[in-house]
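Shared chain: chain A. Partners: chain B in the first complex, chain C in the second.
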Partner chain A sequence: MIRFEPRTERDGLWTAASFAMAVVAGLAVSALLLASTGADVGQVFAALVQGAAGSPKALATTLVKATPIILTGLATVIAFRAQLWSIGQEGQVFAGAMGGYLGGQVLAGMPPLLFFPGVLAFGMAAGMALGWLAAQLRNRFGVNEIISTVMLNYLVIYLLSWLLQGGPWGENGATISYQQSPMLPEDAFLPALFGSNRLHAGVLLPFLAAALCAVVISRTPLGYEIRGLGYNPEALRHKGVNIARTVTIVMMASGALAALAGATELFGVAHRLRADNLVGLGYAGIIVGMIGGLRPLGTVVAGLFFGGLASGAVYMRVLGDVPASLVPAIQGITLFFFLCAGVLARYRVVRVAFQ
Partner chain B sequence: MSTALRVEGLTKRFAGVAANDDVDFDLRPGEIHCLFGENGAGKSTLSSCIFGFYRPDKGQIFVRDQPVHIASPIDAIRHGIGMVHQHFVLVPEFTVLENIIVGTQRSGWRLNAAEARQKLKAICDGYGLDIDFDAYVWELPVGRQQWVEILKALYLDAEILILDEPTAVLTPAESRILFDIMGKMCARGLSIILITHKLIEVMQSNRVTVLRKGKVVATLNTVETSPDELARLMVGRDVSFAITKPELKPGETVVAVKGLTAHGHWGEAVLKDVSFSVARHEILGIAGVAGNGQKELFEVLCGVRKPQAGSIRLMDEEIAGLTPRCLMDRGVGHIPDDRFREGLVPEFNVAENLVLGWQRNAKYRSGPLINFKAIAKLSREMIAEYQIATRDEKVTAGKLSGGNAQKIIIAREFRHAAGLMLANQPTRGLDVGVIEYVQSQLLRKRAEGFAVILASEELGDLFGLADRIAVMFKGEIMGIVDPRNTTISEVGVMMAGRRQGTTQ
Partner chain C sequence: MNQLFQEAIIVSILAATIRTMTPLLFSAMGELITQRAGIWNMGVEGTMLTGSFAAYIAATTTGSLWLAVLAAIVAGALMGAIIAFMTATLRVDHFIAGLGLNLLAGGLTLYWFQSYIQGRAQPTFSGFQDVAIPLLSDISVIGPILFSQRALTYVALLTVPLVWFLLYRSRYGLELRCLGENPKALDVKGLSVTARQFAAVMIGSALTGLGGGFLMLGFSDRFLADFTAGRGWIVIVALIAGNWKPKGVLVAVIAFAFLESLATHLQVLGAPVPHQLLLALPYLASIGLLMGVRFRSGQPTRLGIPYKRE
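Let's look at the complex of A and B:
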């Protein structure tokens, strides 16, 4: 008989083993699910791997798909580490795209070196505004940030819907009204890397952002306060930390990161403002951040994994002949096992004799 | 039946370290048997093994002389063992009755409240407990909440009761009542294991088992031993109880409080017109039963609570209503009473906790980054200077004993404060050896020229340390006395609400 006992100290090897087991178990259960649809499991997985990393083109797609969810994942990390349960990443992605679009109109004609940083800053400012609002609601009126951010998500998503349909930003002249803006001028597309037609320069941002987050969280006084806020706000208050101010900073930083995802999607991928390619990026970020263990570097790894799944899904559907809707199911299964692994890593398995 | 409970050769290791090493222990029917020892001596591990939280690596437990296997608290309860934890496991929004029957029902889903009420009524009558079953737990004072915990165990027909430091949260009066109840329980055949590190409580038991570093040092009949002998057995060396305080002439006034009034959450007055002053080289003691405004006074003085009226002058500067940050920068040090909640971040390591509140200080930074190297170096110095028992500065603070946690706070506050030191219950829950140390450190600050404000529920400590004692009752100061010409019982009367100099 075996039994679980809480660990007093974390063991790196055991943690790694737990997560390896999670990957194996996740794949095994996914395989069962695939088999139940009558698909050839081996072929499906081969297609998945090929689509995720089988060619430079596949790798580029993986990177592009991973970019927004790593950014929203980092937004999750910075908020959750402070035990601020912001669910506002979804709305902030939309706000980032809208802010970026507005910035694109304001800054049109500027040289690229000013234009791109400028529009990204516009996008981030929109996300920061949402984060600021949720922080003020919490600090002044004690409104739980989960409630306020979820509500703000609806507000922002419907605002975009109105702006595009009937509002000032919709595509004019079409007999059928699509929920989208006109195409951006080509000089407003984020420049491509390595001559690829899909690998935009925005894919570098999540790596820069992750490095910055890692340094801020673990090496700066602000990061010390963020971690302390998550663990024991009362002690921080007694030792002179302005809690309200720290909450505001964290919510704004989280909003800025999530908004950056929306802005890069707009200028790097969609090239026009529309809702359908933004849906779910914020919520995926929560999953990615959690699987990444609320650590910036872990979030990059988890984001690349999910990006690979998304990129491989296309191949899987074509080559493996399985419905694309199985991909979110596989993501869900993986998340489940990763969460299990997170718990398992905190325990040790002990063999006990029957008495 | 010769023993109610017996433990033979019990060994429990954590990560290779023996928390209990070949422990023999027995509990006779109808006795109070103390488990006495310093924090980390293995008292809690032993009781956790008996109650089924941990499974021993070796050894055998006997209940009523029958060998038993206790794999979980459910097994323990089935064998008639009950436990009252130091920190209560109650739902404040539930009534007393609901707290007792929820989770303790044995018959399916139906809550049979009427039957439970009857059974509890019988138990309460038997022990002379007067408690309203329909009161919400949050309405009850701490002492009554503890009764609810005890009732929970008795409701489950416990015959062996483990009380884990039951008086840690009680006032002296509540403690006396608890011991009366314990006496009645023993008279009715219950057996009690009392975990404590207060000598005064040990002396009220029938027998005592002293643990040190996981091993049983001695099991003695209480009447045949003395506090001195027990303290020596616990610490492993002689302990001096007498405090030697040098005579010092008070210097200039450091802090002067006048007409201080503060309101609580519901607008009720928690501090009423409080005035006093403290000078350099002086310790002002604050006496009072817990919950009479001491905590609120310290909160106002350290800036986390805003006063409604009154003035606080620190070195001739008005500081009432300033933030904790401003006060820390003006040299106010604070040792809070709830050390793991207000004084430390338990998840942070020792080094991080040693700079808590000073993380933005230029001394601990290089550019925008925290200078962890400098902090580690400083931490090692402080660990040595303040005798903090830890493997190194990277150990998580929450894993240290209460005494070592307190030493971290003291080290940090002493390092960064200048002029005024606030110490609220700095020795509460600590071992004899550590208490001695904390007291000597406070006297050191006094000698260095600090003004010290010290609140303690142990009157003996106040009489030994303080130059003057202010007695608080319901948020007011009943009087400020000189301990050299006042008796403990005079202060006791003031603690109960009689003003100094009045006879009524």
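Let's look at the complex of A and C:
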């Protein structure tokens, strides 16, 4: 017989072993899932690895796919560390793309050094506005932020749908089934890195943002308040911290990060405003942030892993007939085992003799 | 003539309200059982989605709508088992467990769905038809609204007094409410808190899954990505607005259903507003409703707090 006993202090090795088991279990269940639909498991995994890291082109795609989900992952980290369960990242990604598109129209013709920071700022401002709104609903009206952000997500998605179909931003002559804006002019594409037309300059942003988040969380008064809000908001209040103000700042910062993902997708990848390439980036970010242990560095690692998976899925689609939605399925499964591993890490397994 | 037309529209809106209410009501009663047991289950959306998906697969493979109903119930109970395992056994934060379940359900159903329809035209089924109750359905105005509905709609309306009876007039209900108010009392008596929470969440989630199943079988003929479109969250809003009481939840659910059917009717009648604005109404109303809700006396004291023996 074995028994689980709570640990009094964390053991690094056991924690690592717990999460390693979670990865193995996640892969095993993903293999079962593939087998359940009759796919050739070995072939699919080989294709995924090949498509994620098999060539420079594959690596570039991995980076591009990882970029938005690391950013939404960081948005999750900032909010969840403060125990603010915002799931507004999905809508904030849309808002970031919409704000960026508006910025692109306002700033058209500016030199690139002003244009790109300008449009990204427009996008981030839109995400911050959404974060501000959810924070006000919580602070002033006591509306639970999970529910308000879900509702705001739907509102933003309908707003984009209206802007592109019936509203001012639709492509001329667009039919109902084809909701998108006209193509951006080529000088509004984010510049390419290393002469590769896949790798846009925006792939640097998540790494900068992660470094910034890490410094803010662990080295600044704001970071102290964020962590304090997570551990013990009552103690923080007694210290004289304005909780409502901290909540607002956290929600706005989280919104800005998620919106940045939407803006980089618009100017770096899609080059036109449309919903399909934005759907799910916010939810993927929640998974990435949680699997990354709500730490910036962990989020970068998890984001690169799932970016690789997404890139591998593109390659896999070319080869065989496994649907691309394998990626969110594997994400969901892995998240589940990581949540279990997080609990397991706090326990010690003891063998007890039968009585 | 004009008056007849107006009357027909009002009857149609109200009849649609009752129909639209059905899936929300099943799921809300299920979530009410779950939350009264102290589990803040945020996985309603994922549970409903899985129920819809299971119903779709069962209906298109077996052709039997009642087997599809059963599939939705079983799928819901399974989702409930996952939530119960995470929250009651592992004591993971309830919000995180629920969000995780939604993401898991979204990913799995979409993958299975796309594999299911790969390389062929999407199979469809013909769903439930209205059952007119003899005599009663002939009454003018009230007949078509209340007595000419899908069979499961009558069942859904019955769940409200049933859940009320279960909660307030049965021994099991007393224990269940105790789980949400003071689980220690049960523990001290030597009754297992975990086992009871497991049972409550699985039964509640089975009802929630049935709601998702009816959404499929009563309104659609095929599955789509994000099929439930936020209804699971509206259920949670209805619970808060209804102050965790069966009757209050019923009123809140009817209000949402009315709004939704009003929006679809306005759209069909060609109201001069963008249809996206009409579709957004329930979500706007949710935010507005939560801003206005000031009383939370019915919220179980230990809602969302994992029980730990000290």
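In this section, the second predicted complex is superposed on the first by the 347 of 355 C-alpha atoms of A that agree within 3 Å, B and C clash if a C-alpha of one lies under 4 Å from a C-alpha of the other, contacts with A are read in each partner's own complex, and residues count from 1 in each chain.
Operating definition for what follows: contacts are C-beta pairs under 8 Å (C-beta built on N, C-alpha and C of every residue); 3 or more make two chains touch, one makes a residue touch a chain.
Values in this document were obtained by computation on a predicted structure and should not be read as measured data.
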{"item": "Touching partner for A:N232 - first (chain B), second (chain C), both, neither", "value": "first"}
{"item": "Partner chain in contact with A:G167 - chain B first, chain C second, else both or neither", "value": "second"}
{"item": "Touching partner for A:Y283 - first (chain B), second (chain C), both, neither", "value": "second"}
{"item": "Between chain B and chain C, more extensive residue contact with chain A", "value": "C"}
{"item": "Contacts of A:I87 with chain B and chain C, given as first, second, both or neither", "value": "second"}
{"item": "Touching partner for A:R219 - first (chain B), second (chain C), both, neither", "value": "first"}
{"item": "Shared contact residues on chain A - chain B and chain C", "value": "none"}
{"item": "Complex contact set, residues of chain C against chain A", "value": "42, 82, 86, 90-92, 95-97, 99-100, 103-108, 110-115, 118-119, 229-230, 233, 236-237, 240, 274, 276-277, 279-280, 283-284, 286-287, 290-291"}
{"item": "Complex contact set, residues of chain A against chain B", "value": "3, 8-9, 215, 219-221, 224-225, 227-228, 231-232, 234-242, 352, 355"}
{"item": "Chain B residues within the chain A interface of the complex", "value": "14-15, 55, 69, 302-304, 323-325, 327-328, 334, 336, 341-348, 352, 356-357, 359-360, 365, 368-370, 372, 399"}
{"item": "Contact footprint of chain C on chain A as seen in their complex", "value": "33, 36-39, 85, 87, 137, 141, 143-144, 146-148, 150-152, 154-155, 158-159, 161-162, 166-167, 283, 286-287, 290, 321-333, 335-336, 339-340, 342-343"}
